[in-house]
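So that you can tell them apart, the chains are marked A, B, C and D in the order they are listed, and the count of residues begins at 1 in each.
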Amino acid sequence: MQHGQVKPAPETARDPRAHLLARYRTVRERTEALAKHLTPEDMLLQAMPDASPTRWHLAHTSWFFEEFVLQRFEGSFAPYDPHYAYLFNSYYNSVGEQWPRDRRGLLSRPSAADVFAYRAAIDERVEGLLSDLSEGGFAEAAEIITLGLHHEEQHQELLCTDIKAAFALNPLAPAAFAMPEALEEEPEDQGPAANDRWVSFEGGIHAIGHEGEDFAFDNETKRHKVYLDDFSLHGTPVTNGQFLAFIEDGGYRAASLWLAEGWDWRAREAVVHPVYWRKVDGAWFEFTLHGLIPLRPDRILSHVSAYEAFAFAEWAGARLPREAEVEVALSKSDPAAGQFLDPAGFVHPHLVGRDNGLGSAFGTVWDWTQSAYSAYPGFRPAAGAIGEYNGKFMSSQLVLKGGSCATPPGHIRATYRNFFPPDARWQFTGIRLARDV
Amino acid sequence: MQHGQVKPAPETARDPRAHLLARYRTVRERTEALAKHLTPEDMLLQAMPDASPTRWHLAHTSWFFEEFVLQRFEGSFAPYDPHYAYLFNSYYNSVGEQWPRDRRGLLSRPSAADVFAYRAAIDERVEGLLSDLSEGGFAEAAEIITLGLHHEEQHQELLCTDIKAAFALNPLAPAAFAMPEALEEEPEDQGPAANDRWVSFEGGIHAIGHEGEDFAFDNETKRHKVYLDDFSLHGTPVTNGQFLAFIEDGGYRAASLWLAEGWDWRAREAVVHPVYWRKVDGAWFEFTLHGLIPLRPDRILSHVSAYEAFAFAEWAGARLPREAEVEVALSKSDPAAGQFLDPAGFVHPHLVGRDNGLGSAFGTVWDWTQSAYSAYPGFRPAAGAIGEYNGKFMSSQLVLKGGSCATPPGHIRATYRNFFPPDARWQFTGIRLARDV
Amino acid sequence: MQHGQVKPAPETARDPRAHLLARYRTVRERTEALAKHLTPEDMLLQAMPDASPTRWHLAHTSWFFEEFVLQRFEGSFAPYDPHYAYLFNSYYNSVGEQWPRDRRGLLSRPSAADVFAYRAAIDERVEGLLSDLSEGGFAEAAEIITLGLHHEEQHQELLCTDIKAAFALNPLAPAAFAMPEALEEEPEDQGPAANDRWVSFEGGIHAIGHEGEDFAFDNETKRHKVYLDDFSLHGTPVTNGQFLAFIEDGGYRAASLWLAEGWDWRAREAVVHPVYWRKVDGAWFEFTLHGLIPLRPDRILSHVSAYEAFAFAEWAGARLPREAEVEVALSKSDPAAGQFLDPAGFVHPHLVGRDNGLGSAFGTVWDWTQSAYSAYPGFRPAAGAIGEYNGKFMSSQLVLKGGSCATPPGHIRATYRNFFPPDARWQFTGIRLARDV
Amino acid sequence: MQHGQVKPAPETARDPRAHLLARYRTVRERTEALAKHLTPEDMLLQAMPDASPTRWHLAHTSWFFEEFVLQRFEGSFAPYDPHYAYLFNSYYNSVGEQWPRDRRGLLSRPSAADVFAYRAAIDERVEGLLSDLSEGGFAEAAEIITLGLHHEEQHQELLCTDIKAAFALNPLAPAAFAMPEALEEEPEDQGPAANDRWVSFEGGIHAIGHEGEDFAFDNETKRHKVYLDDFSLHGTPVTNGQFLAFIEDGGYRAASLWLAEGWDWRAREAVVHPVYWRKVDGAWFEFTLHGLIPLRPDRILSHVSAYEAFAFAEWAGARLPREAEVEVALSKSDPAAGQFLDPAGFVHPHLVGRDNGLGSAFGTVWDWTQSAYSAYPGFRPAAGAIGEYNGKFMSSQLVLKGGSCATPPGHIRATYRNFFPPDARWQFTGIRLARDV
């Protein structure tokens, strides 16, 4: 998931400075809340090249403000530490060289404490700017700060999935978050949700993509027309119980269900169940951000690759939806009704809901689509480093829609385009079935 | 490039049996004509896992008829050799195990002579069937034989590009084909074609994909509507001279022009020019199927990856076309006007044409599109082994359109969907620029 | 470097229990002293599969006492934590499965604090045993405890070289140890030691290997005869200045100086100077456990592979010594005179000594020999897990002799056989030239 | 196995020119006899980077004479083909660049016919030299020609083992040689030879290595003293039947029997039996140069790695011999009594002999020793390209002694040092047990 250029976001009310300051603090504090139960050592873990240490997320999101806001708007800018631009730049080639991504876990210095001090110093300087800037300067800076906050929200989700990937490798199965008490009041297992309700949508010309003044990333533009045939989507994402039936029916051993590339991936990686499932003494468990818990068939399935999603859909006699189909459905749904990131709550898919009316298509798990992530008609990345890029990742990735239980609340919208390669499993990715009508 | 299920193809005239027999012989003979200048040893070469030995193409295309025609329609079928199903099956899992693809070059036995004998025996049996079958049997068999011939035509192109890839590794630069004399009459170098004419197309709802009785592969169906904005395509594919300007302008060193994945590929593979270009004593040459020849700026560029195509388009201030855009253009063009495979001719892009009116958008080089290869609405692969598949390759590949100088004449059509991964360079792949209007 | 079975070591004096307790405390405290300046995060770093995190060394050395002493001698043994045998076993197959070696750096739990608590608990229990055991029990336990202490001393050296390898990857060049003040009093650079004095040794039958009651590892036995021709060794190890001359003379580019395997290694790893040398603005620096310091030509060279050692020797018109040759020389040298590990001192080769009489052949750097590490005549590994092994590593490694500035004082002897593969560079390995007389 | 510098070899009798000519023809003809049953395509096969195509052996051995004899002694030397020095040089860096070793199988041109023509032309020129050279010139040339013939004999063995490795990958199990009729007269299976006789040797100072006027490679010099303890060797090499007992006793699953490196190798390569053993319908077969034949327990075991040899010896309560021990034994044995290469005979270990007195320690299979291949005291490689080298391979390889059924007759002697890495299995390598007395 990457970020990019921005349409200005006047999420402001009466006092735009106060409003932005409040939002700035909310976002920045949430990031730190996510690390509350982690030790300095936990924050150094890097499970694989694609995942970053907690500490790196903490620092990189601050470097973004230093590089793109402070450097431009502070009267007498001096870097906090001359090494940080090298250490905490992610992939902005036009800004300079970057510390190799697969070695982020080898940087015990700067220490976790150093990184928190860095965050505090940047916060102080950004907050200072917010009150000191002229009217015009503020308007310009506000745009980039808003982008920076959305950028940081994206990293909040990655921080969760990256530490989960690291803890999953530890035989002690550590928990990144405390288990919320409320969970103990969950009803008895309801079994897999019945595959009982499809919601139909009418074809024809639809418009998708972003336009208007609200914030959106550059890859959501420009809004354009697409032609769709009639289609229907299943009312709920696939559950653990449904996926278990696929496994028990030999789904992982039936070549005819799989994409050729997925079939090879499965063999090469010896995949025989979702990545965080564990069988202990004959019973299934799930490794979660709250540690190892019994697998409930009535919870929504998460952490599958697009290959597994494709094979499951074949097995179920359905197909994965197209990007535009999900966007059409999401545009009729209420983003606030979904399950989103709460550092004090359950950061794992809840029980499947029962309404099946697509009333809450947002949240819980990202829906894999069959659509390759590519440029919308008329898309042009923004100029300069900030325009690096959503565009440059437009190859060999698929679009995901809707947000997950690790997506910060308020961060998502129908036009939002997340993207990952088809073999990625460490995000909260799930399956929403579609079919032709 | 893969093949698949078929819409029946009554390309027949008055006498369908005679007609099919004639076509059968034409195709089968052309395959052998392609190997005319190769030694038994040349026919064993395998340059890389994705490329197959000539001998394997000769045998596999015969095995296709044995497996899918003879086995089904011969009264008392017996396999020619019980090992061949294992050795010459490509990827039909439902038919059985396959000899590992990356080891096809290690099979010196069966010998080249054995393989030609196998071809002759299969031909005799297929031709026997054509006269012996009942009316109904013939109609059924004709469908599959027609598919088998289109399948063999696809392998004709691969035979050319695979032996080229192998000979390219030999410092002696062997020629797979004799150089036609006519070529010596070519005019003096005209320099790169002026980038002077764009052809505009009107947007709105278009229909793409195949319908009707003529032959087409399953992945071309079903015909469906798409919405396109107005767009234009350049009148000619990019020339060597234009690409040379890109190189000289530092195109391979400018990160901002490249997809992130392409930028990494370029570094990992140390790519600094098209794969068959060679610099000898300061002058550029091209390795071709006719050996090493001086690079002419006025020839059409071939053998670039989609990454190079994307970067070139960025540099040129344009973009790669979408699949549907090229299909719309092709549907207004004459397939017969292009440059196609002639075993006795020049199997390399000719000089760029001068009309620039997209009158001959077919042939010469395949146009990379920016469109991922995926299922058309309503697409369902055929049942059985023959339905393996165009469908199972629908991930991580891009669509190419229009055919090349190694595509057999008559094999192409506007709806034809070729597909390769973005890093593939050993096909006759070129660049057709597009832009929004 | 591995450990193994032991000849009983009655290093005891009047009161063997008090003696062993004192030695136990000295060794255990030194290990912790080595980690004094490291943060919990530093202690998690793993630079490569062959190097372990500090924390792992701290825990593994304690596990050794738990597994081989407490479990056997405690009346009512219960494991400190049931996971630890899995997490902190190094390679004792007969004791059970092991956490994969290349993933030791992914275990942020148990935390550094947990590990120190583990050490304290084990210490308390071992010390309890020392006073509680019967006479006979003590004698038996003392043997294994003595082995455990030598084992821990080996890990002290590895702890130093492993954290050095990790810090070397950090662009901030952190220091693992404080720089001792005394160093500032070093004389001005004396230039490379003149290559001026060779010490001759007489050939004939010599005895090498260990016998007697003092402690030794099993691979040092049995003492046996070897026949040597006359030979001579250079009076001092090679200096930085001498190696610089090799570099400046094109040593890394002259194939004829290298073993074929070394020549390929050099190309594959892009080696053009010793691994911890850095060129900054035209001047040479060395990365040390005390951070980055200017390279002094009069210091003794360290951290070269056996390939570099072999090439240098060729260039110098000499050869690497044989194992037995160095042992003969060491047997005439005073082990106490060398430079050994002092957590408060300079853990890097001092200036080259000037006597050149091989009076202090011990310490400073390990001497690569040309001898493969293999079994002495009559060698048999001890029975049981503790006998795993020096023996099982007897392939594809070379013997090193004499100890280094990271070897604990008192740990070395003439018969000591250290061993590493020829490409290893992260130990304090140097070059002692030899020649035939 | 590599070759190198030579002690001059006046194997000559009355007429040295006639003698050398006869030997030249014998060796050169035997090489071609080995390829008699191979097709041009077979001769192109390269099973792995370490193995070369037959055709390359045919050409390389000729290039050796062109490069080191013709170029030096012909009055007006002109290269046969200017590309050949690049294509057919193996690893002589000082002579020039080399075609990459792992791509020898991709050179279908020059063709097999070209290569035989090259051989004929070189033969004509060398034979011309032999009669034309002056007395002094002849003496000098004879030395190098003699080396070239020994070099070619080494490649005869490799030609056999390399084509065997290639044919082993073909499911058709082709035969490189005709099966000799005599074999059908073999007695009924005698079961594994009883492990019944050890031959003792007295320790003390022995001399090993070559001296004198006969031909030897440079790595066999200089002759020097070694001290050995008393030892004994088993009277016969290990048989298939004995190794089968090791397998059935779980030898491949018992970590304690293996070197650590071997244990990992076994797991990584999934080794559970000797490389050319095949289990078909419950019965064991061996793939041989004569095709697939039933495994006889009373045949001598071949094609095991040093890791397997080491584990077997551990299991058998014995050990592998040291290089010097085998040389001492060989020096008392008759080289002519062994089984050596006969292109018209059985190129596979015969039945085990029954005398058990080490009368024929030569031939049949190479004995792995536990000794690393390293320089003898006083060894110096010869100057110039020909001195490239035995010396440069003196790392990470083990010495093998005695020759095999693929070693040309007359090519072996007690001092001969063959060497391969411990994981090599494609040579005719076997096990000779040793033990301390």
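Here are a few things to note about the model shown:
One rule holds for everything that comes next: a contact is a pair of C-beta atoms (placed from the backbone, for glycine too) under 8 Å apart; a residue touches a chain by one contact, two chains touch by 3 or more.
Given the structure is predicted, the values throughout are model-derived calculations rather than measurements.
Counted as hops between touching chains, the shortest connection from chain B to chain C is 2. Among the other chains, the CA centroid farthest from that of chain B is the one of C. In terms of their C-alpha centroids, the spacing between chain A and chain D amounts to 60 Å.
In terms of their C-alpha centroids, the spacing between chain A and chain B amounts to 39 Å.
Chain B and chain D have Cα centroids lying 47 Å from one another. Contact between chains, using the touch rule, shows up for A-B, A-C, B-D, C-D. On chain C, the positions that touch chain D within their shared complex are 91, 93-94, 205, 224-227, 229, 255-256, 258-263, 306-307, 310, 319, 370-372, 374-375, 377-378, 388-389, 392-396, 422, 436. Residues 39-45, 47, 83, 86-87, 99, 103, 105-112, 166, 169-172, 174 of chain D are the ones that touch chain B when the two sit in their complex.
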